[in-house]
Structures are given as C-alpha cells and as structure tokens.
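Both complexes below contain chain A, partnered by chain B and then by chain C.
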Partner chain A sequence: MAMETKWERNSDPVGIWEHRGKVALVGRGHSTTDRRWDGVNLDQTLGAYSMVAARNAMEDAGISPDDVDGVITSPGGQPRHGRFGAGWAPRPYFDPPYDTEDGLTYVTAEWFARQLGLKNVKYLNSHGETLWNLIGLAAQAVGDGRCEVCLVPYPNGNLEGRYHQTEGLEAGGPAQWSLPWGWGLSGQGFIFDQYCRKYGTNHDRMAPFVVQERKNGLLWPHSYYALHEPEPFTEEDYVNGRSIARGLSIFDCDRPVQAAACYVVTTAERARDMKQKPVYFLDHTEGAFTPRSLVQTLDESEEWSDILAQRAYAGSGLRPDDIDLFSPYDGFAINAQYFLEAFGWRGVKRGEAHDFYAGDISLQGPNPLNAGGGNMGTGRMRTAFITDSMEQLQGRAGPRQVGIKAEVAVTIGVLPGNACSLVFSTSPD
Partner chain B sequence: MPRPIPVPDELSQPFWDACNDGRLLVQYCTYCERRQFPPEPACRECGWQFHLTWLETSGRGTIVGYSVTHDSRTIAWHAEQPYVNAIVSLEEDPVINFHSNLPRVPVDDVPVGAKVEVDFIEVTPGQRIPEWNVAT
Partner chain C sequence: MLGEHQDSSTGAVVKILLSFDIDGTLELGDPPGGVTIEMVRRAHERGYLVGSCSDKPLSSQRAIWKEIDIEPVFVASKHQLGDVRARVEADAYYHMGDRDTDFQVAQEHDFGFWWAHEAIAEPWLSLGTEG
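Moving on, here comes the complex of A and B:
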C-alpha cells in the first residue's frame, strides 16, 4: 500500500508544518546489537530483531498489539530502498516465516504486521528510506490521519564480508564515470580536503568530536561499543586510525551492525493516555540534491545543508537559539560539520566546527553535541539519534541526561545530498 | 595494471569516441547556453533533449582538491594503492569537473590550485580515457 500523495516537505518556501504539535513520539524499543548476522541463527534475523524491538516499544508506550492501526517501515534501512543483503541472496531458505528474503535481511511492513499478529492495522507502508525520512514519513502519515497508532520499525543489518566491494573490470552505467579512476570513498576525503583548505583546519581536529561521541555512546545500553567494545577510545587512537582515503580514517566510518529499533508514533490526543511523556513533532522537512557535475563539491555540501537548515527553521518556526540538543548525522563523521554550521547551533558559523569541537561538548557542559553518541559512538544502527532525542526530552536518558535544559531537540540525517530534519519538543506549542 | 574500463552506452558513446580522437567533450544545451557533464538524456535546466549537443572543451583546468585512496572499494585498484584521486575543474566553466589520478604527480605532493592540461591514456586496446597533467 503506497502513500498516495507526495509526503516530503521539500518545496521552498516551506511553511509551518500543518501538523505542528499534533503528532507525538511516545515509545521506543530496541533489540540487542550484533556485529553481524551469521545467516543461520533465526533468533537473530532482522525480522526477529524487529519483533523484539516492536514488543519493547509497545511495552514502553503502554499499548497492546490491538491498539496498533499502522505500520510504516524502511525494509532495509537504506537510502533509495537499497538492501544490504542483496548481494547474498538467493540463499537456501528456511521454514516459514523465513521462506523468503523478507524477514531475513529486510523486513516489510506486511511481514512485520503478519508476524506480530496485528489485527487492527489499516495502513501499511514499506516506502521509508533512511531513518530520518522514515520517521518524517510516519509523522506525516499520522498527521494526515492515515493511522493513529503507528509502529515504525527500523531494521538495519550486516552480514559476513565487506560492503560495496566492486569486482571486475567493466565499468558500465554510472560507474563508467568513476571506476576507471578508482573513485570511491575518496569522494568523502576530497570534500573534507576542500573544507580544510578553505578554513585552515585539518583532520586531527575532528578527534575531540569523535572521542566525545564514543564516550556518549558507551553510556547507551544498545550501543555496539557498550555491548562489545567498552574500552575507552582516545584522541590518540583517532589520529592514528588507519587511513581509508586521505581525510577519511577508519574512525570516521561507522561500524556496520545487525540491530533493529521500533518507535511508536501517534496523535497528540492519543499520546495523552499512553505511558510516556509525549515528545511532539514540530516539523519534518526533506531535501535531495544532485551535484551539478561529476563530483559533489564542498560548495554544494554547504549550499545544500544551508537549504536544509533554512527549511527546518521555516517549517518549525524556531530559531537557532531555541534548539537545546542538536544531533547531526555522523556516518561519515567528517560530514557532521556541514550540518552543525548550516544550522548555526550555538552560533557556530561556517568553518568554525573544529574550534567548537575543541571546546566543551560534553554531556554536562553547555554544548552537548550528539548526546546519544551518533553512529561513531553506537554503530550504524543510526537509531541513537532518535532514541536519544526522545529520551533527553523525556528526562529519562539516565547517565546520558544532559546538564542543560532539554526541551527542543533537532536531528538531521543522512548526508547533505539527501537528508531529513526532525524537530522534537516537550511542548506542542 | 588491469583497471576498470568504461563501457560506453548510447548516451556516452560520443564522449568515449572523442577521447579516442584526443578530444574532451561535454554536453551543451544551446537553449540554456549551459554545459553539462556527465551526459544526461535531457538538459537539467530546461528539461529538453532537443537542444543538447556536444561541445569540445579547452582541455585545460585547475586542480581544486584531492584525496589519496588507501583502501579502495574497487578491487582492481588495490594493486595501485595508495593512488591520487584529484578533481579538476574546467577552465571555461569551473562547475564542470573531472576525475584524475594525476599519473605524473607523487601522492604526497599534489599541487592544489595548479593548472592542468588533459591527456588521454589507453586503458584497454581501443579505449582511451581523459587524464590530466600539470601544465608546463
């Protein structure tokens, strides 16, 4: 069941969201986090983990499966519906419900609703992409009345082997313009190189940010690092990280993991009767951009992130000073500064992000950037951005609870070329 | 080293054919008076295909930045690591950019801002691709 209408808010000028304060995030649930799925254990598939996360989310919100009337998901958790398991299938399948790829390395709303026995679902949507777009889509669908109590599972998986390894010597389609020169993650390094030249900074100055993210992530019980690599991570570790490409080290790349989260999105009215304090959506806005020529440049990263920030402010009616918590996507870590500077959080201007990182960005300080730890602190489940924003505003972030007031949180992801901003508030007004 | 070779398609064939003739082409919309690269089925500005033609470039540009690949996602390139991935912007229209490995430049000594000139190297018998060398 596709969404019949265009749901993204990406046409300028973006006005105040018509459902501002009328939709709420009221529950979250997580599975455990593994490094990979072994392809064998059926208790650790993305389907199984999505159901664990859903049950935890429903318990968190104080609802039963019979209360749920909508499921909106991103089956594989990837941009443009990419599926991380595509290279592995077909495989020998298992007994139902694992007799197709659905439930193993991706999870559709249909599979999920069937396995959870959701009897009252009237709206199913498997057209979500990245986590931010997915949450924005869910907020819009609930606001539009397509469903009232919506489960939003986000599965994100990892199998044996390396991502994105290209074999062969024939470069057809878009690859004809890049692989003959061995272009790849060097694209990240190239833009960062332009950034460093323009503003007189260098890669080592990323260290305080990534180290702080790891500290924050270690305080999140679902973090890959908290579960599997709890050792401290230092600035020395960061600057000595193995280089993937000049300007991009292994510690700028998020660790792929196998995990699922699920959120409960509902109307502000229904939220009043649920277990947790509602976190209200003030806005969602989106943007997708295409480079003017072969390769995305710093100018384009800055221009696009500026547009995204302007939309978020126009759509929510807020100003930079209104944002208590700001969580820009960090996978790759060297992209976070484009969003930080575009939003002007804490007055940070273009070229000042690394100076800002060198200041106090700790949880108890005045500028708790990426309080949830981002991907660098938790792994590539991405859900720390949503869960932490929610928990901070509800005052239940435990050891991660920031020292400043936490009334408005903004998160944006994934990258400047394709992103969605979400604005959350403790107040619907 | 065997390296990935471009597989021309209907849209890109004129570009790759011109490389074999030692000419660097980009698309050009005669209505918008706008260059476009890589080629697309229609002009991104006006949306029309009928005004698109091919235009020979000066073959001159500037290195606007670079990276050095140490762990390529393209397995055929592993034997060449580390290698330069520079971006060259076209002299007459700096928005237009191209890849270069700067084959004559050491990986730790890339002259960002330097003027470069196009060259064409054979990557497989019968197919040349654009490369760039620092202008003398």
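Moving on, here comes the complex of A and C:
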C-alpha cells in the first residue's frame, strides 16, 4: 500500500503548481446522511455508504469500474489517518467478511477496491487525511502519473455514544492545562474571544453567517438537516444557543453525522471524454503549524491563515479579485472568518468578517459565501465544500446555483493549524 | 385553570411546572428517550405547566410541540432554565433530562430534578400525594 511522502506543498516558496490545469474533478457521488450508525445495520456502515457514493460518482462521471486504476481514501476521514473504530472497538464482530472494522467504521482503499470489484487498479493509498488534504493528495497523485482515473471516497462516521469523550480521573503533562475544561478544541472559543476584544465585535454578530449557511444547506437533498431537521434556523435560535466555552456556542459546532461521498479525479486529457464538464485543479497547498505554547492564540490563527492564503495565491497564480466563490471550513463556525480575512475575498480585511456577514451573503447576492452551506448547513459531512464548488463551476448546483459568475472557486479546510486549500477553475489556464 | 391541579392530600390547588429535555429524554428526541408523548399529553391534560428546555434550537422545539399538538407554556435553551423560573409563576418547578448538564442547570436554578430513566415512571403524578 502506497504512502506518499513529500507530496504536500507546504514549504515556502511553493511556486506555481507543476500540474496546474492538468488534473480535473469529473464526478461526485453521495450517500444519504444519518445521525449515527447503530452498530447493527450493515447497509448503513461507512463501507456500505462509501460504495453507494462510489457508484453514484462513477455514474456521474460516465465511467465504469474497469476504468478506475487508482483509489485514495482517508479511512476514518480524520487528521493523521485517524479512525473512529479504535475509539469504540473492540466490539463483538459480525461473521466474516465483517469480522474487522474495515468496511464498518473505516474504509481502506484495499477493502473498497475489493468490494467494488475494481480489476484494473494499480495504485492504492489509504493514508489520506481530512477531505481537503485527501483531494490534494489525489490531485498530486494523478498529476504525477501514479494513476489516471482515481476514485476518492471520503467516509465520515459517527457511532453510538457521545462524541470525543476523554475518560479518566487524571490529566497529566500539558493536558492538565486544557482537559479539565473540556475537549481541547473548545479552546477555539478562547481565540474567538481574543478576536472580539481586538476588533470590537461580539458573538451575536456571527448569526447572519450561520443562518445563511443553514438556508443553503437545506437545499441539498442529502444534507443532514434537509433529511432530519428541515425547520428553518433563525437568528433568535443562534443567539439563544448555550455556550460550550466562552466564545463558542453549541451552534458554532458542527453536527457529527454518518455519511460518505466519493469523487472522480482524472487527467485533463481523460476528462474531455467524460460526462460532466471538467473542473480543473489550479492548485493545492497545505500547512501544518504548532502553537508556541499550550494554547493556540489569535495571533497564531491569523499568521497561519495568512501563510495558507499566500501559498494558495502563489501556487495558483491568482489574486483575490480572481476568486468568484469562496468556501472556508466552518466546522467551528468561528474559524471561517480567519480564512475569509486572510484570503481577502471581496476585499475583507482583518477584523471585518462580521461586518461582511451583516451584508448580503445570500446565494443570489454579490457575495455568496459558503454557497454549499458548509458543515453548519449540512452536518459534519465536510463534502459540501468540494461538491458545491464543483457543481457551481459546472452550472448544475440547482437551487443553490449562485447568481454571480462562477468560474473560479477556492475552498480551504480544516483549521488554520492544519489545512489544505484547493483552487478550482472552469478553465485549465 | 390551566396549570393547576389539586393536591389530593391537602386539597390545595398547586401549579407545577414540568420542564422536559428532549434529546435522550423524550421519545421524539435524538436519541429517543423513554418519556412518551402520551405521558407529556397526560401531564398537560391534568393541568401541569409543560414546556421544554433543550439544546435544540428554539424553532425546532416549537416545531416539536406543534407536531404533538400541545401548546407549551415555555421553550428555552438549556442554560435558560432560570429565565423560565423568572417568567412562569408556579408553586413547584421540575426539570428532567439525561445529561449532567440537565442536572447542573436544575440544581443551579433550584428546580427539582429527575433523570430521564426516572421520569418514565411519571413521578410528577404522585407529587403532593406522599405522606
């Protein structure tokens, strides 16, 4: 099984991507979305959903399994190749072939290729990370010639029980400074609090952004909210949300779900023969940063997102004015603003994000931020960022289709400390 | 009168407020809990002041009450239990839920409390009838 080293473009200066315009997204497929897997139904495992998504993606691209020669997956959809299975397993296993977590709570490329009967695969890689990094890895692998027609499944799971519980009676070492106050990433609220004090704003001013995202997300047929909680989400709802930590409301946190998507990535040449209009990769760039101390600060979030933006512009050769659609990760809603300001989309500078949210960010307006609804609008699928970018550029986003010109789209995720940006275009040039 | 019921031992008319958590407590929650809609309806019909205090958005809570055709006296976010006490006049206040958060907010705002698994026995029906 392949594990790429040094594929990431995370050293400055990154330079124009050598495969700019030579790799394309040509298909996408989604499963339905559940709140969680019940641990019993084998039709609702991450494996089952990945296969549904893959068949939908192949049909979308107009290819057959025999056309596929590469599979790259992120088995559990998490950073550092993390998987959910380890957290809940061991479990009483089912009969073979379900006597492993593979296909249940994570999905390796090997399992995936075997189950789909992919006869012509020459490249398998199960070391993808979160979605943006996974797609970036796939673009690089196709560009490098490791495969030509690559399926990229992205399973993202949620199991029974409570999420991200860290059990124990003691917190030792650095954890003593963070764990007693809850799950580590609730420290994102600390950064947001700093932001509000620095720029003279407040948490309630996030409301228009999250409300608009939910509106956008309800327009997806497979969105968690469209399927399970279709009632409108209002500004009253948002401002009355309970605080998880200072600066972080329950409605800033995305809803873990059980779902899978799959993408088809191929060369620009092969893309010409496929069903959909190609969406060309102009660039992928990555970054992983470490806080100076035990707690990430606002200065660091801004510095890291600045670096990520600079790399994206350097790698693609574009400028802020070239970007029609911008989709920054909102897994915590309070993070999207650091990316928005760093990229300077629509001229938004540091400290101006909340003013921007108060303006027209609707789908038919001039500034359709996160047209796909993000995680706030669709649940923690994450795939809305990629699929929406693709569909907007192809003109097939249906009720979500924006009113502005849609020729260049940028999306970035997940957090400023560990992110990849992807630049897509309707033109390879 | 709405919200009043007669204490069977003393004959006094008392208003008892019941605050329901939803997810993990009510059968319509996610995950579903053991307190059924029938139990809620029974409490409502017997004059208890019923409403919800949940982490669900207020709009979602109102939609649930509308779905079961009961007009709640209040809907609130979980940290707003104190506001419920301030807004709604009652002789006794009870909250029920499945999480530590439910217990904590109940304690903080001087509500009586039942865990979700205790609530399925409808303990409110015997309030005032003991001893």
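Quick notes on this structure:
FYI, the second predicted complex is superposed on the first by the 414 of 429 C-alpha atoms of A that agree within 3 Å, B and C clash if a C-alpha of one lies under 4 Å from a C-alpha of the other, contacts with A are read in each partner's own complex, and residues count from 1 in each chain.
Definition applied: a contact is a pair of C-beta atoms (placed from the backbone, for glycine too) under 8 Å apart; a residue touches a chain by one contact, two chains touch by 3 or more.
As the structure is a prediction and not an experimental result, all values here were calculated from the model.
Counting the residues of chain A touched by each of chain B and chain C gives the higher count for B. In the superposition on chain A, contact is made by A:S243 with both chain B and chain C. In the superposition on chain A, A:D102 makes contact with neither chain B nor chain C.
Contact with neither chain B nor chain C is seen for A:D388 once the two complexes are overlaid on the shared chain. Contact with chain B, but none with chain C, is seen for A:A171 once the two complexes are overlaid on the shared chain.
Once the two complexes are laid over each other on the shared chain, residue contacts for A:E302 go to neither chain B nor chain C.
When both complexes are overlaid on chain A, the residue A:D252 reaches neither chain B nor chain C. Of the two partner chains, chain B is the only one that A:L294 touches; chain C does not reach it. Once the two complexes are overlaid on chain A, the chain A residues touched by chain B in the first and by chain C in the second are 242-243.
Every residue of chain A that touches chain C in the complex is listed here, in rising order: 35, 228-229, 231-234, 236-238, 240-243, 250-251.
Contacts from chain C toward chain A in the complex involve residues 30, 55, 57-60, 63, 77-80.
Of all the residues in chain B, the ones that touch chain A in their complex are 2-9, 12, 36-38, 44, 64-77, 80, 83, 85, 87, 95-101, 112, 123, 129.
Contact residues of chain A toward chain B in the complex are 163-173, 175-194, 197, 242-248, 290, 292-295, 297-298.
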